[in-house]
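The structure appears below as structure tokens.
Going by the order they are written in, the chains are A, B and C; count residues from 1 in each one.
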Amino acid sequence: MEAKNKNLWVFIETNEDGTPKNVGIELLTPGRDLATKQGGALVGVVIGSKVDPTVKEVEAHGADQIIVVDGPEFAHYTTDAYTAVMYQLIEKYGPTTILIGATTEGRDMGPRLSCRLKTGLTADCTGLDIDEASGNVAWTRPAFGGNLMATILCPDHRPQIGTVRPGVFKKTPGDPAHKAEVIKEDISIPADQIRTKVLEVIKDDGGESVDLEGADIIVSGGRGMGSAEAFSEVRELADALGGVVGASRAAVESGWIGHAHQVGQTGKTVGPKMYVACGISGAIQHLAGMSGSDCIVAINKDPDAPIFEVADFGIVGNVHEVLPMLAAAIKKIKG
Amino acid sequence: MNMLVCVKQVPDTTEIKIDPVTNTLIRDGVPSILNTFDGYALEMAARIKDKDPSSKITVVSMGPPQAKAILQECVAIAANKGYLVSDRAFGGSDTLATSYILSEAIKTLEEKEGKFDIIFCGKQAIDGDTAQVGPEIAEHLGYPQVTYGLGAEVDGDIVKVKKEVDDGVEIIGVKMPCVITATKPDFDPRYPTIKSKMAARKAEYPVLSAADLTTIDLERAGLKGSPTKVKKTFVPQKKTGGIKIKEETAEESVNKLIDALTAAKVL
Amino acid sequence: MDFKFSPEEQDILDMLKELCEKQIGPLAAEIDEQERFPKENVEKLVEMGMMGIYIPEEYEGAGLSYLTYIGACEMLARYCATTSVVLSAHGSLCSWPILAYGTEEQKKKYLVPLATGEKLGAFALTEPSAGTDAAMQKTVAEDKGDYWLLNGTKMFITNASEAGIFVVFAMTDKTKGNHGISAFIVEAGTPGFSIGAHEKKMGIRGSATSELIFEDCKIPKENLLGQLGKGFKVAMTTLDGGRIGIAAQAIGIAQAAIDAAVKYTKERVQFGKRISQFQWTQFELAEMQTKTDAARLLIYRAAQAKQDGEPYSHLAAMAKLSAADVANDVARRALQMAGGCGYTREYPFERYMRDAKITEIYEGTSEVQRMVISGWMGVK
């Protein structure tokens, strides 16, 4: 497909109550930058049901134009409905670049859409730029479990599409006075064209939802904690610091703590002010999710553990000794 | 049920190390394994077969001849038959080209094995981590998809898929034929048995080359058929220069850390 | 001189290794601590077909070599000595005599469920007053015409409370000494057969070791295993083979201790260096590995001889004598390297030391092995 203009689209994911998910608003930040470099407009694409709150947010966060598709069939994401709508919109408007959040929804829709458009998609990007030589978007993403970074171009096909990892870009404070052109597209998808049906929704276990991405302080435990019981030492320190509990994949897979707490390549990407890694060796998969933290503190008995290479402060020692002492010391400071 | 599981041989990325001198990946000696998520996909198919023993599981992999090893592994675990899709013309394919080739291979396989009711894939390969090939196969075939599956159960003409979403789990009903991609479920894949392992060693693993895929358009395969190009790869930068504390006792270490954190105004 | 595993055999051992790494190893400390039978491990071994690994396919075994079975015992012991001895008692001490001495009917009825793992096997020779001096059997089997009447007590029986099939030795003619002993197949649940208290042991604490009590227990006539009065030979030849499995267990433990010591010394820093950087550590580990490998070769030689139908009684004795000695020495030295940490239950070293000890005792003490070897040498 040929691009009809130099516009850049950001797909804005919505919640069922019509508010936006964080990632879409975050992507308006690099979207602005890339759109300016490409010499086109920044367009927010909002699909959902009763999405006025989202439209306002997108407007405040700097979109030049907002394309809105609003209908009850879009309240809950479905592959078929969303892909069909996006395809129709792209055919009509012909943007040159599309950013989609690399969430479970974004990574479900992205490949379906790019395949229908027979264009290229770069998944789970952590870096976005314009390739100076060709003017294409240079999509940078981790591969080999974060061991390697690859920069990908999509030179001959349009639109060029990427899914972008949540938490990598920070949303701007926003300006409620900023105005955008809002275009309402009247598209509806007949029920028989939606081939999947949500039969049941089970929210996360016992309210143990955890906002790792938004946390200022995270205390994470890894394989070195040794057992589910010992994880209470991590919790205790997190409580002392007023932070939340994270975990490495090894700890999650050992069943010591729920998947919602996992930080790393297959978990959450976090960027707190302080990240305390307890008994985490620092496999590259874990580093991929937390090396953007402002201050990293590591506690590990192995002085050669890779975690010390990224840590600002580290204690070489037994976590079971250090954690309770550290928690006590911090409680004392905080009174 | 007639099921297909798409599998990939990948380097065990947890074993990959960086050469500190050249700052490049050390690939030598890194074992090749069945992509972890494909193992989960196979287990999901096997669980359907457990309930309905008349079911059949076929596995297919696109890759070099040595990828036969993972087909053998899958047959030892639960599959009835394994096919390798292999041709130099397929080299350099990105996800769009790969999914196209696999969708063409699936059409050819269906002539031999019958129409597949469910096509399982791992949600992503642990080397590329794109999570694109599954949904793209679904698009090429025009089938509905459910990604991030934690388990699948057949109920009449639909499959009920337990799907992981950002804030919990959903049960999705999808009509067959369909594509389901598997993420890490809360059960472990089964082990092979001595007998199945020995039988898998003796089994045949037919190879499908470009010539066997009768309707394939080779313009859409390999490098030519790949819209994305890798411009460069590099090893991510590590930050250095932290303070490592190691005093005689844990208490002294903790005190020193508290002092350092206070001095740095982190606390 | 080819004590190598074929690619097929290696494949099977790799498969077992995966199970060991994922499940059996991680559970080992818990099984030891709680002194509980490793039920979940045995279930997995059953599913894999390991319980009949060397039993011919006609009896629904996997039909692999005896050497592969020995390799499996070693592999298991590297991760969990308790699980290794469960397989060893089942495979060497119960399945083997039925395979070697059983009638076709006995094999169909008893060897098949042992090979599939449907039933676990055990072996009952030792008595309160018949340990190393096994000929002092007090358990008696009386010929009652239609059946055997079994009375007596066996002790230190591995797998006792978990097994479904037992090979039991008893006097059928007290006047004939060794030649008055016969072997019988006894099923769990036979009236008059009960299991006594669980023994609390120093090591291999998860294995189910108990007394067997026979009180007017009626055994079907056809359950005599081998010929009447030839039970002592059945017992001794069975133990010859069993020793290879125990030797394999011993070097499995030794290797585990070495592996743990290598890991520990590379992590532990003293005097500003990792202790693996001290030459004493390097030399000590080199010697430990060399001794272990030497014993391993003796084991493979014995297993190969057994497989090839050659005399192997003395070879098995040498293998077990050497391996048990190495295991105890290596486990002790590994613990010493880990110092205070090694002495705590946070680390596996003390468990390896406790698990190693039994290999010098059961299925013939090290002293018995010396008797067998010197006897073979003609030293009288």
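Observations, loosely collected:
The criterion applied here is as follows: contacts are C-beta pairs under 8 Å (C-beta built on N, C-alpha and C of every residue); 3 or more make two chains touch, one makes a residue touch a chain.
Predicted, not measured: the structure shown is a model, and the values here were computed from it.
When you average the Cα atoms of each chain and compare centres, the chain farthest from subunit C turns out to be A. A summary of chain positions shows that the Cα centroid lying nearest the centre of all protein Cα atoms is that of chain B. Remark: subunit A and subunit C have CA centroids separated by 54 Å (rounded to whole angstrom). For the pair subunit A and subunit B, the distance between C-alpha centroids works out to 21 Å.
If you average the CA atoms of subunit B and of subunit C, the two centres end up 41 Å from each other.
Residue positions of subunit C touching 2 or more other chains, listed in rising order: 269. Residue positions of subunit B with contacts to 2 or more other chains are 246. Shared interface positions of subunit A, i.e. residues touching 2 or more other chains, are given as 303, 316.
On the subunit B side of its complex with subunit C, the touching residues are 188, 190-195, 197-198, 201, 246. Of all the residues in subunit B, the ones that touch subunit A in their complex are 11, 13-14, 16, 18, 25, 94-96, 99, 126-136, 138-140, 144-148, 160, 164-175, 178, 184, 226-236, 238-240, 242-246, 250-251, 253-255, 257-258, 260-262, 264, 266-267.
Contact residues on subunit A toward subunit C in their complex (touch as defined above): 301-304, 316.
On subunit C, the positions that touch subunit A within their shared complex are 267, 269, 274. If you check the complex, the residues on subunit A that touch subunit B are 79-80, 103-105, 107-108, 110-112, 114-116, 118-124, 131, 138, 141-157, 195-204, 209, 253, 265-266, 273-274, 283-285, 287-288, 291, 295-297, 303, 308-318, 321-322, 325-326, 329-330, 333.
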